[in-house]
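Per-chain residue numbering starts at 1, and chain names A, B, C, D, E and F are given in the order in which the chains are listed.
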Amino acid sequence: MGEKARTVSASCVEMAEIVQPMDINIHGSIFGGHLMSLVDKAGGIAACRHSGTSVVTLSVDHLAFKNPAPVGTILSIKASVNRVFRTSMEAGVRVIGWKAGSDEETLICRAYITYVAVDEAKKPIPVRPIVPETSDQIRRWEEAGRRREARLALVSSLEERR
Amino acid sequence: MGEKARTVSASCVEMAEIVQPMDINIHGSIFGGHLMSLVDKAGGIAACRHSGTSVVTLSVDHLAFKNPAPVGTILSIKASVNRVFRTSMEAGVRVIGWKAGSDEETLICRAYITYVAVDEAKKPIPVRPIVPETSDQIRRWEEAGRRREARLALVSSLEERR
Amino acid sequence: MGEKARTVSASCVEMAEIVQPMDINIHGSIFGGHLMSLVDKAGGIAACRHSGTSVVTLSVDHLAFKNPAPVGTILSIKASVNRVFRTSMEAGVRVIGWKAGSDEETLICRAYITYVAVDEAKKPIPVRPIVPETSDQIRRWEEAGRRREARLALVSSLEERR
Amino acid sequence: MGEKARTVSASCVEMAEIVQPMDINIHGSIFGGHLMSLVDKAGGIAACRHSGTSVVTLSVDHLAFKNPAPVGTILSIKASVNRVFRTSMEAGVRVIGWKAGSDEETLICRAYITYVAVDEAKKPIPVRPIVPETSDQIRRWEEAGRRREARLALVSSLEERR
Amino acid sequence: MGEKARTVSASCVEMAEIVQPMDINIHGSIFGGHLMSLVDKAGGIAACRHSGTSVVTLSVDHLAFKNPAPVGTILSIKASVNRVFRTSMEAGVRVIGWKAGSDEETLICRAYITYVAVDEAKKPIPVRPIVPETSDQIRRWEEAGRRREARLALVSSLEERR
Amino acid sequence: MGEKARTVSASCVEMAEIVQPMDINIHGSIFGGHLMSLVDKAGGIAACRHSGTSVVTLSVDHLAFKNPAPVGTILSIKASVNRVFRTSMEAGVRVIGWKAGSDEETLICRAYITYVAVDEAKKPIPVRPIVPETSDQIRRWEEAGRRREARLALVSSLEERR
């Protein structure tokens, strides 16, 4: 806990991938489950980079498929930690696709995932603070807080009614 | 559109799985990305059963990992359509785990996923109405509406601030 | 051994699957080896449910591919224990396929597989009795015995001649 | 049909494999479904070599797991066509395992699988005759016929009773 | 051909990965074949980025495994194009590993791979020139030429003797 | 070390494979990374057969893709140990492809890979001598030496210049 804060930039992860025939669904685009795996891995490595500990996935808070990625699409998966909450962290992941011979990039998928830092016994442990620096990072830091509030408000409102 | 409504029960899907060594993460439990694949497949088949059409995954609205599932756990993945919104449907998925020789069941994962019905040209098409019958189905139907409202409210509040 | 008998119905397992491009053979239908994996898993979970122990596959007594399942087919794999023989059990597995937007179901595969119940040291252990209830379950119980007799008769007749 | 016969030896196929951690079941040995895939592939290539056509798997007539193959086992999978029946062929497959640094070989699995030769439209087509030469090949040729008779006798006896 | 040159930096690709239990060999480290797949993919995407065309792998000129990467290692795979030869390009790939909670990085693997740019008909096509800028990039550009010469010299010396 | 030499023939390994849709790249041929896995496995089993110990892959010294192998191609992968160097061995691997219904064989890939024999603690251990017998085996034995010399010469010349 006494550990020094780190910047958001220090948590940034990039993964390149190419959509191959073994990765596609019946519509000829990357299978959602496969894309989720990639997104979860990228977010988890970002969380791991920031916390300097092992992490486990707690929840996918939102993951939206924006455009299909057909065979041959080259994917660029970018993840970073948006905000730290005591023992948990929200990571944001963006997947961009492009085709060889084209200049156009397409947004394939955007996701927000919460990871928990754990020790060797898999018990949650506090995560060092994170410092957003750019205006985008500051905006994402604020949005992460609002996403969390909205989620908690929804959960308690649904539970009240049960 | 003029199509007859169907019951929630008619959309129910069950998948059994066993966690094998090839499915685990570095903590010895089922890899989150693999579980997401199973959950997405089960929800997609439920949506497909209800709509009678092909479907594509639009978004994972929430997916929470409740307990780890170590090697040898037998999983029971249950999915059904909670509610229909014109061309989209929310499916709910629950994953329960148990071990051979034990009577205890553990909740492994719960998820809400939105699918869109599509025609052969992959254009969205209207989905026939769904009829919740039991009190649980009616509660889920209501909650699906509230989840959607909360999501849309959050999105517009975040966009306003940008 | 003193354990109470259970019904066949209590062993029933259902698995849903969808045939994706990564699952097919050079003819464009589900690869036989992949289908066998699914069938073995479903039968093994049924055996596990009945015995309440770990199980190992002893033999595939017969597995017939009835119709090809092309990409997009939704599979329903149903397994149950047909009969118990001291430490082993015959499970029956049926795979049915259907296409989104069609009412027709096709029989894809039928299989009979024998599993052995094992303890922690992987030694065979007795399996509690099973009680067939419906006329179909009683017929399958009788057929399981006849399949076993025919198999043993064939083996001893072939061995005599060597 | 007027095609020249070929010898059994000309159909022989050998596949080497090593059991890796990604291939095992919860007991630490090769997963049955994975082994079945290898066996089906080896038998199919043998059938393909003999017929000179594409083939599809018709049935696994018998497949027995004789001994577990733990991680690190090197597998030798041998397949050949035992006998031809008009448009179908029985292939026999044996899987032997050994460990680096040991001289001992273990029988892991034995299987008899029936394949059908198909043309481009996937219609069954006649298979050229096969000539067993060694005494082992002649014995297997005879046994393939007896296995087929026993199977057909069982099927018709079970159907009579329904 | 008249196309403008691009810098080496514009071809740089980074892939992050984590070694999971499903990726390891019998020694508990990443399976060589799996690592080769990752390396080939990363190099291919770098080549694709530089050429702006599809590419096919022509040869792995050298790939050295420097240290094992046990389960839990986070891999950083970096690839860039070292030099262009008319229709082909040498890509260099480095794989670095580190463990959560450690500051140490280990060199896991280094590779040089040659890719060919191809058009839609899979015919080789000229690749635009590449411009090394840093002293490291210039050294790699020179070394790529020497590796190629040594390779061609070896091939012709071996062929002479046959 | 005092161990008796063995022949090259005793190390020979053969693997048959068929290229399935799940194995291909965006050009419709076997994915390079998948082929490398098969080649590494075959070479490793040959090395293991000769040394009678566990082995680890040290380097891929050269691997050339000669022709693409489209879906349906049956592959014959042949590996043997070319030469022993104290604790390491060079294995040579050839991959031949053919299509059902055709008599033509195509060279798909050729590779030279170096493996190191290791004991239980993964320390390198001396490998028993190998005896080439046929003129092809003797030629390969000589070429393995020249490949090694050329490689070492290149390495030291590149290092001098750094």
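As a working rule, contacts are C-beta pairs under 8 Å (C-beta built on N, C-alpha and C of every residue); 3 or more make two chains touch, one makes a residue touch a chain.
Predicted model only: the values in this text are computed from it and were never measured.
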Common touching chains of chain D and chain C: B, F
Longest centre-to-centre distance from chain F, chain (CA-based): B
From chain E, the most remote chain by mean C-alpha position: C
Rotation, 0 to 180 degrees and nearest 5, that superposes chain B on copy chain F via CA atoms: 180
Centre-of-Cα separation between chain C and chain A, whole angstrom: 41
Separation of mean Cα positions, chain F and chain D [Å, integer]: 28
Cα-centroid distance, chain A relative to chain D, in whole angstrom: 47
Where chain C touches two or more other chains, by residue: 18, 21-22, 26, 31, 41, 44, 54, 72
In contact (per the touch rule at the top): chain pairs: A-B, A-C, A-E, A-F, B-C, B-D, B-E, C-D, C-F, D-E, D-F, E-F
Sites on chain B touched by chain D in the complex: 18-22, 71-72
Chain F partner contacts - residues on chain D that touch it in the complex: 13-18, 41-42, 44-45, 48-49, 51-55, 72, 74, 100-101
Of all residues in chain C, those that touch chain D in their complex: 26-27, 31-34, 36-38, 40-41, 44, 54, 56-65, 68, 111, 118, 122, 139, 142-143, 146-147, 150-151, 153-154, 157-158, 161-162
Interfacial residue positions of chain E with respect to chain D in the complex: 21-26, 28, 31
